[in-house]
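Quick heads-up: structures coming right below.
You will see chain A twice below: alongside chain B first, and alongside chain C after that.
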Partner chain A sequence: MELICPAGTPSAFREAVDAGADAVYCGFRDETNARNFPGLNFSRPELKDSIGYARKRGVQTFVALNTFMRAGHEQLWYEAADDAVALGADALILADFGLMAYVADKYPDQRLHVSVQASASNRDAIQFLVEAFGAKRVVLPRILTVQDIARLTRQIACEVEVFAFGGLCVMAEGRCSLSSYATGKSPNMNGVCSPASHVKYRRDGDTMVSELGAYTINRFGPDEASGYPTLCKGRFEIGETHGYAFEDPVSLDVVDHIDALREAGVSALKIEGRQRGKAYVAEVVSSLKKALSAEPAERSALVARLRAMSEGQRTTSGAYDKRWR
Partner chain B sequence: MTLPPALVAPVDLAPLWLIERAARTIFSGVLRAHPDLFERLGEYRQTRYLFCPSDLPLNFLVVPAAKTVHVSRKAQRPVSDACIEGPLVLLLGLMEGRCDADALFFSRELSVTGDMEAMLALRNALDDSAIDLPDEIGSLAGPLAPLVAGAARYVRKRALEGRDATWS
Partner chain C sequence: MTNAHTPALSLGPVYYLWDGPKWRDFYFRIADEAPVEHVTLGETVCSKRQHFTEPHIAEVVERLEAAGKKVTLSTLAMVTLERESRHVRDLIRDSAHPVEANDLSALGLIAGRAHSIGPLVNVYNAATARVLAARGANNICLPPELPMNSIEKIVASLPDLSFEVFAFGRMPLAISARCAHARSKGLTKDNCQFICGEEPDGLPLRTLDRQSFLVLNGVQTMSNSCVVLLGELQALSAAGIARVRLSPQDCDMVAVAAIYRAVLDGAMDDGEAIARLSDVYPGAVFSNGFYHQQEGAAWIARGRNAALGQG
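And now, the complex of A and B:
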């Protein structure tokens, strides 16, 4: 299985390549990119240099244009696709059907991957994208079990990529509007979940309070590991109960399921984290690279150190081995 | 790791103008050597960033666009747009991209307040800039540069032992 690694800056890109990535995914510094954070992402010259750096070392570059085009402003996405192709991207990761149609029509030889943001997670949806736009790979959302993935891979005519480590989005990606309710900005339209412009942290004695827009997301006690200020990992009072409504602050780690995923027909494992620093990228990529070639019994020890770098300092295999109640 | 009291005491006694002068010299050197930092900061170069080392009785107010560093005693906290607080070695580790900011935030070793867009822009700009503080400090030492940079590198290694990632 290939290891697909994140890069939010050229420095992180080089670290990912040097640490053993088979491919690095990244995006432009605008709203064509679902990780449109301040100070993050690539200019055209930076992407050109990075693709050159990767290619010399036999590593591929995937460019994520994974937000949805705004009506009347499609040109921004079309130009981003034109530039990514011209700069030599090995694959484009797309979510918008209109953009897929544009790329398939104008660049029929360009490799096209279906972003997790497209929310294509059943046979009919994926086959439609394969047949209509020639999609070569689909990135599945983090809401399927290993058994679900195995069933799906047998029924579709393209490669499957799944998330293996990093931030755990517990929603059907591309369809989540929680951020929009709280801030008026949607991750699929403006490229940011929990936009930093609406995030506030404040101290209340020994407690650290995180807020998104007008909503308190969490209150962390003095010795409690913290998490991102996302509504899906918020702690709320619901009726008589007080706790996490959807998911705890926790990161994804499916290293224990590598063999099962391989047997399920998965072609590539994706590491989440374009918003993380180069230190994180280097550490996670090198650890997972070692884990991929290690004996099953050795894998947990290889990635144990990564837990301290994870949200809430804890990891879970999430839905991959969900025991439905 | 926090600074030992033996190192903190002289800082408490040193005149502010002297500390400020040293901080400005290093800051100017970093900006000269890394113009890309400005470009990545974008509109946030006007932001007043406050660095509060939790183990040092000082605050550092930095405005990148003005290329200024103001140093104040802990009791006189200046007005800022965005503030980051944590042990000095971790703040310096962040400046070099040797530590992961999110990981330190999750472990509660760092706290951030104020304008989070500005804080993210700074973190990402620093992370991409490949700043090497021992080199910057060494470059101020004239003919003693290799010696000073080497000593600074040794101190960094000891201070961040087990904390920095295995990046190249």
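And now, the complex of A and C:
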């Protein structure tokens, strides 16, 4: 299985290449990708240099253009696709049908990957994307079990890539406007979820309150470490109870399922984390690379190191395990 | 100003789990009394619920059609299981009625046949609408998240296609493999005991500071606020919108439809309509923020609307 690694900056990109990535994915510094955070992402010259650095070492570069084109501003996305192709991207990762049609029509030889944001979760959906746009690979939404994936790979004429490590969307990706409902900034159109521009922390006695837009996302007592108010990882009140209504502040880790995923016919494992620093990227990439070739018994030590780096230091197999539902 | 046509009223599928008789009687009354021209129905949120309404679909469709309503059948929003795939395939193959596609599997299976696109499919621009129209879509209900300037641009680019706007009801904001509704009651999706049926209008989720925020509806998360586009209907008509969608809540939807009809016909001003709507759906918080390119939960009052419209 290939290891697909995140890069939010050119230096993280080089770290990922040096640490053993088979491919690195990244995006331009604008709304055309789903990690449109201040200080992240690539200018055109930076992408050009990075692609060159990777290619010399036999590593591929995937460019994520995985938001949905805002009506009236489509040119921003079309130009990003034109430039990514011209700069030599090995694959474009796309979510919007209109943009897929543009790329399939104008660059029929360009490798097209379906982003997780497109939410292609079953055979008929994937066949549609293969037939309509010539998709070569689909990144599966994090709503399937390992058994679902094994069944799926046998039914489709398309490679499958799955998320293996890092941040975890609780909702089907690309189909969530919770953050937009609270902030007016849309994950799908603006490439930001729970954006820092709308985050506030305020003290209420000895309680630290984290807010997103006008809404309280969590309240932390004096003995608790406060965390970032990602909307779906907040604590809320339902009836007389309160707690993490959607998901605890955990991150995804499917290292324990590596063999099952390989057997299920998965072509590539993807690491989330374009917003993370280069040290994190280097550590996670090299540990996962080792884990991929290690005997199952040798993996636990590598895994322990990885888990220590996870958000909240707690991890889940997410939807890959049926019991998560 | 493109044209002065009056949009048709359309009733979207019931997103909640209502028991069979309640669901049937709701549609019987819609058939007999509601001034809507289009009705889209069928379980959309969770395949586990299908057996509640399936025994009643035939009689409901018959009653609606006898009353002159045009009926469309909705497909599931999220398809992961073989059983769910089969259901969508069978529905598309066997249905004598138009189908509303709500996920990508339906889009693929239905190519070449006339169909509708539901608000849960991501149509953010004219290029995407064009792809779907070329494959047989003849009506597209745009996602509730779209602002008016996107709606206008998309509709203007495809003047021959019918577009629909989500103008009343709690907004579907997210869907998950995990059932937060079941979890909140100590259950899981696989052993849910259909607990979401206890809240026919959604289970309120408040912040820890007791702010109303969202409601849970099985695997779907919806806005607590109810979208109300009444002051916006004139602009939507002028933009060329063909249908105005009312999404069923557990309130008197016949009265809701009558209010929207009266505003569309120019028989009631939107200020009075909003006041009446508050009586019909007591306790509901209204929102129209997405339309005005604000946070979705926002309510932009009419005075400000008029100012924005003129500015």
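The criterion applied here is as follows: the second predicted complex is superposed on the first by the 308 of 325 C-alpha atoms of A that agree within 3 Å, B and C clash if a C-alpha of one lies under 4 Å from a C-alpha of the other, contacts with A are read in each partner's own complex, and residues count from 1 in each chain.
Everything below uses one rule, namely that a residue touches a chain if its C-beta (ideal position, glycine included) is under 8 Å from a C-beta of that chain, and two chains touch if they have at least 3 such contacts.
In this text the structure is predicted, and so the values were computed from the model without any measurement.
When both complexes are overlaid on chain A, the residue A:203 reaches chain B alone and has no touch with chain C.
In the overlay built on the shared chain, the residue A:237 is in contact with chain C alone; chain B does not reach it. Legend: residue contacts after superposition of the two complexes on their common chain; A:224 is shown touching chain B, with no touch to chain C.
Looking at the shared chain after the overlay, A:71 reaches chain C, while chain B stays out of its contact range. When the shared chain is aligned, chain B comes close enough to touch A:279, but chain C does not. Once the two complexes are laid over each other on the shared chain, residue contacts for A:180 go to chain C alone; chain B is not touched. Between chain B and chain C, C touches the greater number of residues of chain A.
Touch criterion met: A:37 reaches chain B, while chain C stays clear of it. Residues of chain A that lie in the contact sets of both chain B and chain C are absent, per the superposition on chain A. Residue ranges on chain A touching chain B, taken from their complex, read 8-12, 14-15, 18-19, 37-40, 195-197, 199-203, 208, 220, 222-227, 249, 275-283, 286, 308-313.
The part of chain B that touches chain A in the complex is made up of residues 40-42, 44, 97-103, 105-108, 111-113, 116-125, 127-130, 164-168. Of all the residues in chain A, the ones that touch chain C in their complex are 68-72, 74, 95-102, 118-125, 127-129, 131-132, 142-144, 148, 151, 170-172, 174-178, 180-184, 186, 188-189, 209, 213-219, 232, 234-239, 241-242, 245-247, 319, 322-325.
Within the complex, the chain C residues that touch chain A are 78-82, 84-85, 88-89, 103-109, 111, 120, 122, 124-132, 135, 143-146, 149-151, 153-154, 171, 173-180, 183-184, 188-190, 203-211, 213-214, 216, 221, 223, 289-290, 293-298.
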